[in-house]
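We just call them A, B, C and D in the order they show up, numbering each chain from 1.
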Amino acid sequence: MALSREQIAMRVARELKDGYYVNLGIGIPTLVANYVPEGMEVMLQSENGLLGMGPFPTEDEIDADMINAGKQTVTTLPGASIFNSADSFAMIRGGHVDLTVLGAFEVDVEGNIASWMIPGKLIKGMGGAMDLVAGAENIIVTMTHASKDGESKLLTKCSLPLTGAGCIKKVLTDLAWIEIEDGAFILRERAPGVSVEEIVAKTAGKLIVPEHVPEMTF
Amino acid sequence: MAGFDKVVSSYDEALAGLTDNMTVIAGGFGLCGIPENLIAQIRKMGVKGLTVVSNNCGVDGFGLGILLEDRQVKKMISSYVGENALFEQQLLNGELEVELTPQGTLAEKMRAGGAGIPAFYTATGYGTPVAEGKEVREFKGRKYILEESIVGDFAIVKGWKADRYGNVIYRHTAQNFNPLAATAGKITVVEVEEIVEPGELDPTRIHTPGIYVDRLILGTFEKRIEKRTVRS
Amino acid sequence: MAGFDKVVSSYDEALAGLTDNMTVIAGGFGLCGIPENLIAQIRKMGVKGLTVVSNNCGVDGFGLGILLEDRQVKKMISSYVGENALFEQQLLNGELEVELTPQGTLAEKMRAGGAGIPAFYTATGYGTPVAEGKEVREFKGRKYILEESIVGDFAIVKGWKADRYGNVIYRHTAQNFNPLAATAGKITVVEVEEIVEPGELDPTRIHTPGIYVDRLILGTFEKRIEKRTVRS
Amino acid sequence: MALSREQIAMRVARELKDGYYVNLGIGIPTLVANYVPEGMEVMLQSENGLLGMGPFPTEDEIDADMINAGKQTVTTLPGASIFNSADSFAMIRGGHVDLTVLGAFEVDVEGNIASWMIPGKLIKGMGGAMDLVAGAENIIVTMTHASKDGESKLLTKCSLPLTGAGCIKKVLTDLAWIEIEDGAFILRERAPGVSVEEIVAKTAGKLIVPEHVPEMTF
């Protein structure tokens, strides 16, 4: 069965390491914060200028001047720091964030990613996503494997305007954990109960299937 | 000490000299830390043909969004259209020129504008539509694009506290683009929640030194919250 | 929370991994805000062939000056030789390679190194020996030169207070190059006068967020004064 | 008679305006702070990261962490701000300082200035001087008109390595107030009791002498 939003977050959380500074994109990536393993600490960076983001506030704590990059009201944890947008992106562009998790419309076998516009139809803008994918060494893209119409989002070549070129190496979809190497997707893990055949069928770009593809367990 | 007293007493005075077709750099991220009264004053003045540099364009009916309603904006330089329906509609219709700029590049362009750096290289946007028409150059085996700085005729900024000399501090994440905008305006106007005497602010924690501030005004703020999220 | 605890307990540990021919970026201006114990540790370690990036090179017998005595420095990247006799002598004799770099360019090179900006244009040094071999480019009718960023194998920094997570604040003008150096080291080591618990430092007044700091050590400091001037 | 150090500072101080942010170089320029006209306020920028520099400290106030760009112990005035070196030079390079006063070895009719090294003999380094002359619109150079050997320091072309090209428009020497325009020095004022002839004799570069050259009064 396809992974739930929560399972996607749980699987991403297994990539965390103690002491990681992490930037979590809007949507599913945000949920990763709920699944940080016991005994491990990570610190969340929000690109609007906050390192050490805490949980949402209580009603009493709500403060219009304290938001995250998704414009949600948040809190800070002890040891947090707050800075301007240039300093925030200096941190990101300079490669100081250990892990970035973000969503996408499409990725391809060259590690390209498209996530910010569908010409003639939807223009969200790139926000900080172009900086994040250009600055981070370690990026996980989370997205559904295929559109509602069954169109694969893992392509030979992205069809939409790019967010970044050749920067993605790890993709977690609702069906599979995939790595990108030497111009191909490599199927590393599959969602519980999802067959290799289904993943192959729903992957448009070249997919390498190792002999053994373990099933994720939760 | 009149020379350093930046305080003006009316919003008319605060934006005096702002005319059609000027470039205005605005601080704020979403609706957080936006110079809401200065924006309202721009609407009231009715100037047209503005180029507005701001990460977002407010929302429908609040913040910079109100300048779209009256078609006062010719061009936006922003990173995010997001959920602003009027912004997206005017953009898709071709009524509004938009230069979508990555958020970090936008912040750095403002900083560079204030810092006398005409251009810098960044990997951000390489290989994307953002790179179109821009020089690509390799440093140490990696490709970068050349981005030019931004300077505004006016910068409009929302601070928390300031002293009469124009030294400003920002509150929490309402800092965001504000100190950068402040450096990049030929005329920088700051509105704040509180004005204190020089010496009351700790010199080592001033975010915007008064040298960048031309006019300072005391305002009252709605501080609308865009996404009110709470934990149970 | 071991992952964010940057505190080390000895200077040996603080600079472990520093070897011959590495590049070390040092904070400080004159003798103000210099990482004096980390410098003393480098002398003790006896590493040679260093490239040292620092606005000044201390004075004879104190600060970075002590590394010149033992010929540990192959190259200095600095803006000012000033009254440091040994520095000037080794430079004039050709024993020491020196890349004289304007102070503002040096500061910006460090910031750019930490910020992932490989190069930027500046008018500083155009038409002077500093421009030799560098690209000249015109923007809006003015000439600028291209300057590349600096990254160090180590950055050595002197802070005032820090928490265990490595959030640092600096005292008065001892700030100078320190927060810039801190961003530009592959391994950044900070020595401070006081270590406090996370949460004790106001998040909006932290000069160096802990993300930049790899190792933190508590030191005691002589803080020698270079020019003691008083008013009567 | 040639101006004293104090008179040079006094004359420069007449160029101040209320509300000016001013950077004063090491040496004579520093003395300008002592002659700010009554009822006028200027704020001093020190490029090591201080705006709002005050007088030297009393013995009790001395603090190793509070110095100016000349490495002298100083104090701050109410309304001061302290920042890092990159921010300090952003302020300078960005043209936010209203007036810069600094010394030099030589200037020439093209507005070039040399102030930081004498090849094979003396290397001070440029410190912040190259940034200051490149960033400021309004610069006053103070220096002696000629060397002790009588060699003019106002040249057709600087002989020493430059600090900045084409950036100097105002020079105050111990003999004269001179402006630089269209490839020539223009003699605007002379020191009390100093003849136009003496100034002409000691100026190597092209010097335009207006019909009336007022004598400075102190």
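Here is the rule we go by: contacts are C-beta pairs under 8 Å (C-beta built on N, C-alpha and C of every residue); 3 or more make two chains touch, one makes a residue touch a chain.
Composition by chain, UniProt nomenclature: A, D = CoA transferase subunit B; B, C = CoA transferase subunit A.
On a predicted model such as this, the values are computed, not experimentally measured, just so you know.
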Label of the chain whose CA centroid is most distant from the centroid of subunit A (CoA transferase subunit B): D
Averaged-CA centre spacing for the pair subunit C (CoA transferase subunit A) and subunit A (CoA transferase subunit B), given as whole angstrom: 35
CA centroid of subunit A (CoA transferase subunit B) to CA centroid of subunit B (CoA transferase subunit A), Å: 29
Contacts with 2+ other chains: residues of subunit B (CoA transferase subunit A): 108, 111, 115-117, 122-123, 171-172, 175, 203-204, 207
Touching two or more other chains - residue numbers and ranges from subunit A (CoA transferase subunit B): 82-83, 89-90, 92-93, 134-135
Category of the chain touch graph - line, ring, star, complete, other: other
Chain pairs in mutual contact under the definition given at the outset: A-B, A-C, B-C, B-D, C-D
In the complex with subunit C (CoA transferase subunit A), residue positions of subunit B (CoA transferase subunit A) that touch it: 108, 112, 115-123, 137, 139-140, 142, 144, 148, 169-172, 175, 202-205, 207
Contact set on subunit B (CoA transferase subunit A) toward subunit A (CoA transferase subunit B) in their complex: 29-33, 55, 78-82, 88, 91-92, 100, 102-108, 110-111, 122-130, 160, 171-180, 207, 223-231
Residue ranges of subunit C (CoA transferase subunit A) in contact with subunit A (CoA transferase subunit B) within the complex: 1-4, 111, 113-117, 163-165, 167, 183, 197-199, 203-204, 206, 209-212
Touch list for subunit A (CoA transferase subunit B) against partner subunit B (CoA transferase subunit A), complex: 46-50, 55-59, 62-68, 70-74, 82-86, 88-90, 92-93, 112, 120, 122-131, 134-135, 161-166
Subunit D (CoA transferase subunit B) residues touching subunit B (CoA transferase subunit A) - in the complex, by the definition given at the top: 17-21, 40-43, 45, 51-52, 76, 78-83, 89-97, 134-135
